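Each of the next two complexes has subunit A plus one other chain: subunit B in the first, subunit C in the second.
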Partner chain A sequence: MSTEKKTTKTRTVRIYFMGKAYDVPQGLTIMKALEYIGYRFIRGIGCRGGFCGACAVAYRLAGEYKLRTGLACQTTVEDGMYITLLPYSPMEKPRYNLEEMRGEAGYILKIFPEIARCVSCNSCTKACPQELEVMDAIQAILRNDIKRAADLIFDCISCGLCSLRCPAEIRHVYVFQLVRRLAGKYLLPKAKHLEERIKEIESGKFDAEIEKLMKASIDELKKLYMERDIEKA
Partner chain B sequence: MSEGYPLELRKAIRVVEETREERLKKKYRRLTLEERDELVKKWHPDYRPDTKRELKVGPSRGAIVYNEVADLLEAWPIADPSKIDLSTIDYDVDILIIGGGGAAASAALWSLYSGIEPDNILIATKLRFGDANTVKAQGGIQAADRPVDSPVRHYLDTIGGGHFANKPELVRALVMDAPFIIKWLEDLGMMFDKTGEGEMIEYSGGGASRRRLHCARDYTGLEIMRVIRDEVLNKGINILEFSPAIELLTDPETGAVSGAVLWNLETSEYIIVRSKVTILATGGFGRLHLAGFPTTNHYGATADGIVLAYRVGANLRDLDSAQYHPTGVAYPEAILGELITEKCRSLGAQLVNVNGEQFIYELEPRDVVASAIIRECAEGRGVLTPTGVCGVWLDLPMIDMIRGPGTIKKNLPAMYRQFKRHGIDITEEPVLTYPTLHYQNGGIEINVYAQVLTPQGTPIPGLLAAGEVTGGVHGKNRLMGNSLLDILVFGRRAGMTAARIVKETSSKPKISFKHLEKYTAELEKINVPKTRKAPIILPDYRGNPDYRGKNPYLKILEITY
Partner chain C sequence: MKLLYYPGCTVKRNAIEYEKSSLAVLEKIGVNALELDKWYCCGALYSLAIDDLMKHLGAVRTLIYAQKKSREENTRDLLTICPMCFNVLKRVNKMLREEPEKLETISSFMDEEEPYKFNINVVHIIEVLNKKIDELKKNIIRNTGDTGVSVYYGCTVLRPKEIGIDNPEDPSIIENLLRKLGVKVVDNPYKSMCCGAYHILDKPELVYNNSKTIVEEAYKRGAKVIVTICPLCLYNLRKTIETFDKKVDVKIIYLTELLAYMLGLDHVLDKELIDFFNTVFIHDTKINNSMRREA
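Right, the complex of A and B next:
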């Protein structure tokens, strides 16, 4: 970075991890706080940016019975936080052939009959670090509204926290994966232009022009590049 | 919970708000090539004299690379041949794929489509399958499929963006395969953003002359990875997670790459793999924090692939340039260096300095925009956070004003969520940004079949590579949306080439550490300290969570024997 660190006094908060209390600087994420106290992660960590779902955590705050969940890379430490890491949510991935399916709930229920056991307790929704309407999505599947289900849980990062909390023992991560692929393949309209363009490419329509660019001198290329028209953003 | 911006930053935001009406009407002019050149040479870290040095060992000796990369290439292997027993092979396969991102998954599927049995393919990856840069990609993937666009334009945009240093035949493969790749993803069930009639919703990325970024909200890479990972699992391809490769193996007679030594992160045991073909798909180097920058990259982005390939004779190219994403998070500190997607600028958000002025057209190529931001901060027109990080504003609320209320929440949910968690509402407040280390522009040189080349241009038998670990496709600077494309195009080509080679190879190769003899002799000659070892596998942030002021990569993971 281009600037000097100012000497401001950092305030600390007390967290509890693996049976010990630690004072860590305020404002750190749980992940950075654990690194601060001396952990070098080899699991329960992935992208560090809230996209991969590897760093699920459960925690309670001092004086509270409520069990909270989140991502270690996205949750800032609070005073009196009792933390544990949940690097994996155990579940077998069922295998299927998408080509033999359609965008209908029946195909999903056949592989995941347990979703019919959903008691609408909403624990999944409360556990979701992405704040998705998880239970509504399960209910949408049961109503055969696959597109809506896919839309509701599109932002799922597969951390598995919902599945760990679910009394019906639903494997949401894999249910939702199938839901999205069925929606993408069978319920969204097919892209326009693609087939056409692929045919043009295969027929060799652009070959000569590209060949010409590949042989052009840098000066020629620079000229063409600067003179090309630019579509409005 | 954090409570959003502190008072001093809230005051600074007022200036941004005051100039917004005026700025909405104004576009900053584009720079000429000469102006771009001058800006980049003055401010970009690639041009700082202290960031790079000449390589003293190996096939690309004499090449200029970043210091942090040179440190790893001029380092001892972590695998000690005298302590590793190669007589028992744990996995004996046709194709070994090293890596667990999009390039690896694409290579696996196309090996299979090309006739290799799933049992004869092995994917070995460092953390979990999908813990990779691929899932972090937000903006989109390029393909010239609209009638007003063409692969020829895509070609010109790509090499112009790459400062005309790209390898032409690789660029041709990239742009010509692109529409096919999008179709493949659609057939696999990827949920692209489309209109009700099936028109792909496409945005313009920096340096592109047409709107050609296909996306899936701002989770494009995640959606690609989810879909192809699911398909790899459906097909029953073998996967070893938490098993990074620490060294390649070679046939002592032919010099061909014949497998790898993996290291079980959980139990600290070695795993010996023999293969007829090995595909390196290990991604980039963001976690080396080049030039002291923060990074957008995933935890395992530590340049292992180039280290391994270099020891068996691969040529490295364009590693003198790195891509710094112009808009990394500068505040809050908790997510310092994380990405603010370029799509924000595609949607209309402007960059604004402390005086509320625009200082660059926001969709110039990345190196140009990054240089302009570094200049603003260096010349005192940046905004300082309470902990002394400097940045400029990205005026996000403009997006909803230009494109209608709700646009941000609908098109940038990941961004919205990321900041909301820290008490900042990006529909109402701008965000503070500073460049962050983002992409490894160069890397292992390959040909159009994804074969790894020596400096003489001959393929190294048994070794292929695809994705961010390679160099040549993007020249000295990658355009947004070309990397997701790159990993699928060349992952596919690697898979197909691997299948062909397997079919042509009848005998099983021998495995050895022979290639290390020559390499370590060179290290000996230049007196590399015995403590400097590579690959480093994971960075070390112990006691130093914000990496600043200290090299995070000095210690390798200890191996216990």
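Right, the complex of A and C next:
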């Protein structure tokens, strides 16, 4: 048994990080490989599940000129991989008042005039770890189709990789945030049931119930939780 | 007649009335314009730096997408109504055809797209209307009487001459079209002089100066209406009129708005514009005649 273990030694791949070579077990994600090396993440880490967009990375593969991008928690290491972390993409956060705007391209272009510099190079789309049609979304804004733009970038996780690759220096993360807000406020159908529920909450309909819950013991809460109504699929 | 249609950003945002009237006129004369469901900003101005290939990417992508569509729809013609889009798309198309090494550079950058095979033909709406003159004539229900109409071409459908749709110095294609439809055309020697284009942003005085010459000449010669085909020209001429000390009694509109009126396509025109047309073209129209008969 013990001799067998020796022969099935973990296979490793060689990666390069901060100018140094490391041999790490095959099959790890970049994030886990760096932790294996001994790095401890404080920033540039979040959900570890590919949803939060905090762990953007750029890398090159052995023998390839292309700069590739991805998420550290989703990309597995490969032999000869050169890696850098891009936990944050520098861009000024604009301030605006949604109440003074409409769901029209002009309002977006006023804050982000650089959108008009898009040359359709598609670098943003190639960089997107979510495989969104980023260029098409920017182009949809230019032609005042805000709803389509909002639709195309609904799954954006704001990792900022597109903005780092963009030759027109567009701040996609904030552009898309504004697009989603404008679409939600002005273009998509209103959620009537939500408005009604907010009114109910404001009128104090659930106050007594909440009070009761706040005073309940842990055991009582557990019991209530187990017996709750679960919405049918 | 079936055409692929590339609207362009301006037409979708600031010149909606141009698109509405254009598409309605085309539909009326039996032209089916199919908007590409994917298209990109053409770049608005054709980049003249010989190594600045990146600026052409939007146009190239649009041509490639049109090429894909052309196989499904069995038509190679790509219709534009904005003259700047026409200019850029047609010049990029020509550049790709004549300079294979540039096409190769661009293609290797856009390796995610299918190769471009030059089978798209960029056309402007005037060329289509001109071909369909008999259909237009047949469908006219209002004439414009003795009211003078002047034509302003702007630059980008005419120049450079390699891609222009008519004589770059002395164009007459729109006047001939209007004359055949019974419109009293007032000639304007400045009909193809530049209005000043984007200088409206940094040197508005230059635009006012140029556009004043254009408008005043048309007005002096008796035009009540100036028709144009370019959203930027229209904007500049209108802005210029606003700066006049003495109001001039001339209105700048799109050619297709006039045609829509003559074809009776009132549903695509503003009520205000119809009222204006009704006042300025007071001479007996077929509609007026029939109304009189009823009365």
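By our rule, the second predicted complex is superposed on the first by the 184 of 233 C-alpha atoms of A that agree within 3 Å, B and C clash if a C-alpha of one lies under 4 Å from a C-alpha of the other, contacts with A are read in each partner's own complex, and residues count from 1 in each chain.
Everything that follows uses one rule, which is that a contact is a pair of C-beta atoms (placed from the backbone, for glycine too) under 8 Å apart; a residue touches a chain by one contact, two chains touch by 3 or more.
Quick caveat, the model's predicted, so the values are computed rather than measured.
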Contacts of A:Leu142 with subunit B and subunit C, given as first, second, both or neither: second
Which of subunit B and subunit C A:Leu182 touches, first, second, both or neither: first
First (subunit B), second (subunit C), both or neither touched by A:Leu224: first
Which of subunit B and subunit C A:Leu61 touches, first, second, both or neither: neither
Partner with the higher number of touched subunit A residues, subunit C or subunit B: B
First (subunit B), second (subunit C), both or neither touched by A:Cys121: second
First (subunit B), second (subunit C), both or neither touched by A:Met18: neither
Interfacial residue positions of subunit A with respect to subunit B in the complex: 1-6, 8, 27-29, 32-33, 35-36, 38-43, 45-52, 54, 74-76, 78, 93, 95-98, 130-131, 150, 154-155, 157-158, 177, 180-186, 188-198, 201, 206, 209-210, 213-214, 218, 221-222, 224-226, 228-231, 233
In the complex with subunit A, residue positions of subunit C that touch it: 7-9, 12-13, 38-41, 43, 54-55, 57-58, 61, 109-110, 112
Residues of subunit A that touch subunit C when the two form their complex: 105-106, 116, 118-122, 126, 135-136, 139, 142-145, 167
Of subunit B, residues touching subunit A in the complex: 1-2, 32-33, 127-128, 130-133, 135-136, 144-148, 150-153, 155-157, 159-160, 164, 168-169, 172, 175-176, 179-180, 182-183, 186-192, 194, 196-200, 203-204, 209-211, 216-217, 219, 221-223, 226-227, 230, 233-236, 242, 265-266, 292-294, 296, 298-300, 332-335, 338-339, 346, 348, 363, 374, 377-378, 384, 386-390, 413-414, 417-418, 421-422, 434, 538, 540-546, 548-549, 557
